[in-house]
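Mind looking over this structure? Questions follow.
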């Protein structure tokens, strides 16, 4: 039935190999067009798959089925455990297919304009294909190990794309940081997989997440380690992988730096798709979390809420527009994580799950839009700093409007898509935990504030700013994706999402809870209002405000010193504290011991060598001495 | 004349072929032809083996042959292969083949260099085909001796010191080893009461437990020295750093595998009871190797040192997995040997090529090579990614098999060690990316380096050959893991 | 026969060990050779004394002494030839300088 | 009584001159002292009634070997050459060896009971000596004699070969 989904994976993979091997043998445009055509096909196939799944095949007996479109055994590890590669279609993976292929297609098109004339244009498209392939493989994974495989692959393609400008020092450092931090988290993920798979004796998602009669939960019942049940350990460790990829506290540090990559890449990888892998992971294993380890789910919710608040505060102080967006991404992903954390499994209980996925869906579009818009701005003024911008509404008409739409969406103003998904999240949080709700609610206000701070600083504020080169609107290849995504942002909020995606795969009805909705609109408007007051016109207010909360402002500006802590840990503890002593120990103690052995041998032989002086008299002395000793012995006996 | 002996006879013929060579071209011709024939034979062997297995031949060893060559001590020249030997022979053939191309321009005394290299190859092939312990040790020593001359004569840096250190340490190891082998020989009570060196016969025989306790550490340490087990690994950094390219490749790629192979074939398979009783000691040591080697690599500045420490870490993982004593982990260990052999050979080949151009291996002196030699740089990145276990390349499948296998011990001790060993994948990423970022990326500031050129055809053959192998194993691990796990009777 | 056998033996022993001392302590090859003669002489005395005192009916000690004197003469001649040869080569005959083969 | 006095005089000469011989710095003096020792030894042979041996001793040793020594000394050293003293450790070791050895031998000699034969002593006649040397019976020495002859021949040839100018 769904065998046509196989090309969705195969085309980008082949495209990567093809473009990668050809590299400079193609003209830049040829590579770009080939890549884009390939992705266009992937997108179309994804839409067809989504249509088929949701409207004709997927729903059987009121439940969306998990359909394995394709599966083969890649590596047999033990009798029970084998790594398969395959395609699993269920509501969330199909939804992700649509999101990824759409955003990726837009980014492909957009890059024609943005990356035009860059050295390594072919390589760029090859890597985009690699990323798309890996990300698609991740979401359709039939088993947790396949997910881990593609998880690593997206990591490496993200690494290569962040380090695309490999002659720039900061880009190299950022790419390295991104890879190593996520790798560190993946280590926990891997241990978690090992632990869980040992008890479940399967990697397969379908058997792992089977809500009834779950073998994993039964087998691990009663087993505990350090007072915490083994399953909790396993699921917590797996979640750590998600923490790394989705840039939750305390592994968020790589994401702001990852903005060193080309802006379309940030839009694709670090806003819309890869960073939500953590959310997707939790959603994928949601039944296990909910049934087996509800306490881990609570931890997840709190990590999400704290991260969300933290990132929102930091976002208010950053001046690099891409970093503001990066922190906003962290904050929004944390929203989704929290929402998953407060969710239940069945029916309306599962609102959080649905909301999380819904927010993932809408966020992908409007955040990609924001990044691409920021890209257009950067393209126009050749800088990332807010101080270099202002009054751009005169020059960049389309960008201005699309950016405003995205800002309204993320701030949660109806009728834009962000409003609907955010509202569901707030409702879910409200019904589960008031502290979390307060946290998220406050965040919603902050979000509106910093997004409009960003918006005004770019497009209004200093209306009379002089530019060396007059900024000009981006070419059509760049504005088209903006318009397209803006359209999506406007309409996709009206999708009855709960009809398609839910925790127990059964469609249910949701209604907007107007009490909470109006409260959230209210706080968003307040945020926008403050931002307007402070930033719409050039004024002294921001500086004054910054002065009054100086301590908070400074530490938020320095991202609460997380980077410094990590630098301390890596440089001082790992490099200086572990690696250097080990290198020293190896050279001087272990090797010293071996050299000492040889030195001792040498020394002894040097000394004994003198017995063999070559002087006859010495030999005779010893000879006679020996004879005398023998005589003496004979006398004594 | 049996098929397997061809692996030893062809290099002997190559040795004869080198004698009348008058110039470097003829030497190369002989070397290339010989290495190609060997590679062809290895591939043929693989298919013959698969074919036999498909026909339902389930004997432990296939293509056996047995000649008595010293009746007084019952020493035989006995050969036979199982899946593990087959992949190891294939690995050796690939690396010898690529090694010949990597040492295309070796100077001076080109002919003598290839003669010693061929002698080393004889030792390696002989070791992998033998099933008689005595012959195995004989070939083992044959492989070690040329090392001294190859490093001492054609090496760089403080080569005499390194060559001496390497040879002495390995010889020290083989002193233990010979003791252990003779001990096994004399204490094994075979069915007909005769003393035997044959592995298959000893495997069936009963060795008293108190003797096993003595001989297991001896043989394991003896082979472990070559497998770079902590704390007997220090020959590795110095030795690799001083050795010429092809020798580094062969040494890290194949010779270090003799250690792992020997540990499996002799120490673990012949002394299973002692192995399961004493494994924990060596698990600790090899576990230390894994993490320690990785941490050691972070701080190094010489490319070859980094790689040598990385080898300590990866080879430590091989022994670590073998000692886990279950089928999955052992399969992983053999795959790791294969994978590490290929990727470390790739690394050393690339380092040799970079060094041949820039005349420095210090990462502080190198930068921005990506722009200057894109082919080599991209290959270096691929090698690096293979080393840090990127899915799709060989390192990943081996490591994952090992980790899954090791983790299937339900007790705390094995699991904690496994987790510690797992952490090496993070540290590996750190040092690999550090090097890549340092030497390949950035802007080249050295005027001299700007004039350098990219790889030439024979270098490309070597590098591409290895990358293809790494990728094939990484993409289609099924066939190789099936061959291996089919031969492990644990 | 008024002198006890021990007296002769003590004299010969002193002579022998003086010879030993000379052999071990001197540097000049010729003096070493002379010390050797001393030792041989001491041995000769012992042979004759034992023959004379203990086995007066036989001539074994007598003849041994005779032979030893003969051999000593031959050996000395040969040794001196070698020493002179060494002198020709290295211009001295000190035992600690004869180490060309060592280095 | 006279015999004893003569013996002690000879013994004193032997002891004193042998010590002087090995300690003298000047090699020619050493050779001279050695001559005295050899002659005194011949005296001992006389006392033991071995006139033939004494004669051989004087003619071969004192007359032949010592002359060789003197010649070679004159060939290899210069007048007034003094031997430099050697390292004290070596001298000490040599002296110690000699003294200890002497002590041991002394101990043995003094503790051993020699069974002195009471047989009447007859000095061997020349005829007796000659026959014993040339006979092939028990206690006759033709074979050693021949061996010595060959040895002497070899030494002559060897001496010529070695000393020959190249």
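Assorted remarks:
For clarity, chains are labelled A, B, C and D in written order, and residue numbers in each chain start from 1.
Note that in this section a contact is a pair of C-beta atoms (placed from the backbone, for glycine too) under 8 Å apart; a residue touches a chain by one contact, two chains touch by 3 or more.
Please read these numbers as outputs of a predicted model, since none were measured by experiment.
Central chain by Cα centroid: B, whose mean Cα position is closest to the mean of all protein Cα atoms.
In this structure, the chain pairs A-C and C-D differ in their number of contacting C-beta pairs, and the larger number is found at C-D. Of all chains, the one whose mean C-alpha position sits at the greatest distance from that of subunit A is D.
Centres computed as Cα averages put subunit B at a distance of 73 Å from subunit D.
If each chain is reduced to the centroid of its CA atoms, subunit A and subunit C end up 98 Å from each other. Work out the mean CA point of subunit C and of subunit D, and you get 6 Å between them.
Spacing of subunit A relative to subunit B, judged by their CA centroids, is 37 angstrom.
Residue positions 90, 93-94, 97, 101 of subunit D are each in touch with at least two other chains. Along subunit A, residues 617, 621, 624 each make contact with two or more other chains.
Every pair of chains meeting the contact definition is listed here: A-B, A-C, A-D, C-D.
The part of subunit A that touches subunit C in the complex is made up of residues 614-617, 620-621, 624. Contacts from subunit D toward subunit C in the complex involve residues 1, 3-4, 7, 11, 14-15, 18-19, 21-23, 27, 30-31, 34, 37-38, 41, 44-45, 47-50, 53, 56-57, 60-61, 64-65, 68-69, 72-73, 75-77, 83-84, 86, 90-91, 93-95, 97-99, 101-102, 105-106, 109-110, 114-117, 119-122, 124, 128-129, 132-133, 139, 141, 144-145, 148, 151-152, 155-156, 158-159, 162-163. For subunit A in complex with subunit D, the residues that touch the partner chain are 617, 621, 624-625, 628, 631-632, 635. Remark: subunit B residues 165, 168-169, 230-231, 233-235, 292, 295-296, 298-300, 327-328, 368, 370-371, 385, 388-392, 396-397, 400-401, 403-405, 407-408, 410, 418-419, 422-423, 425-426, 429-430, 433-434, 437, 440-443, 477-478, 481-482, 485 touch subunit A in the complex. Within the complex formed with subunit D, the residues of subunit C that make contact are 1-3, 5-11, 13-28, 30-31, 33-35, 37-38, 41, 44-45, 48-49, 52-60, 62-63, 65-67, 69-78, 80-85, 87, 92-93.
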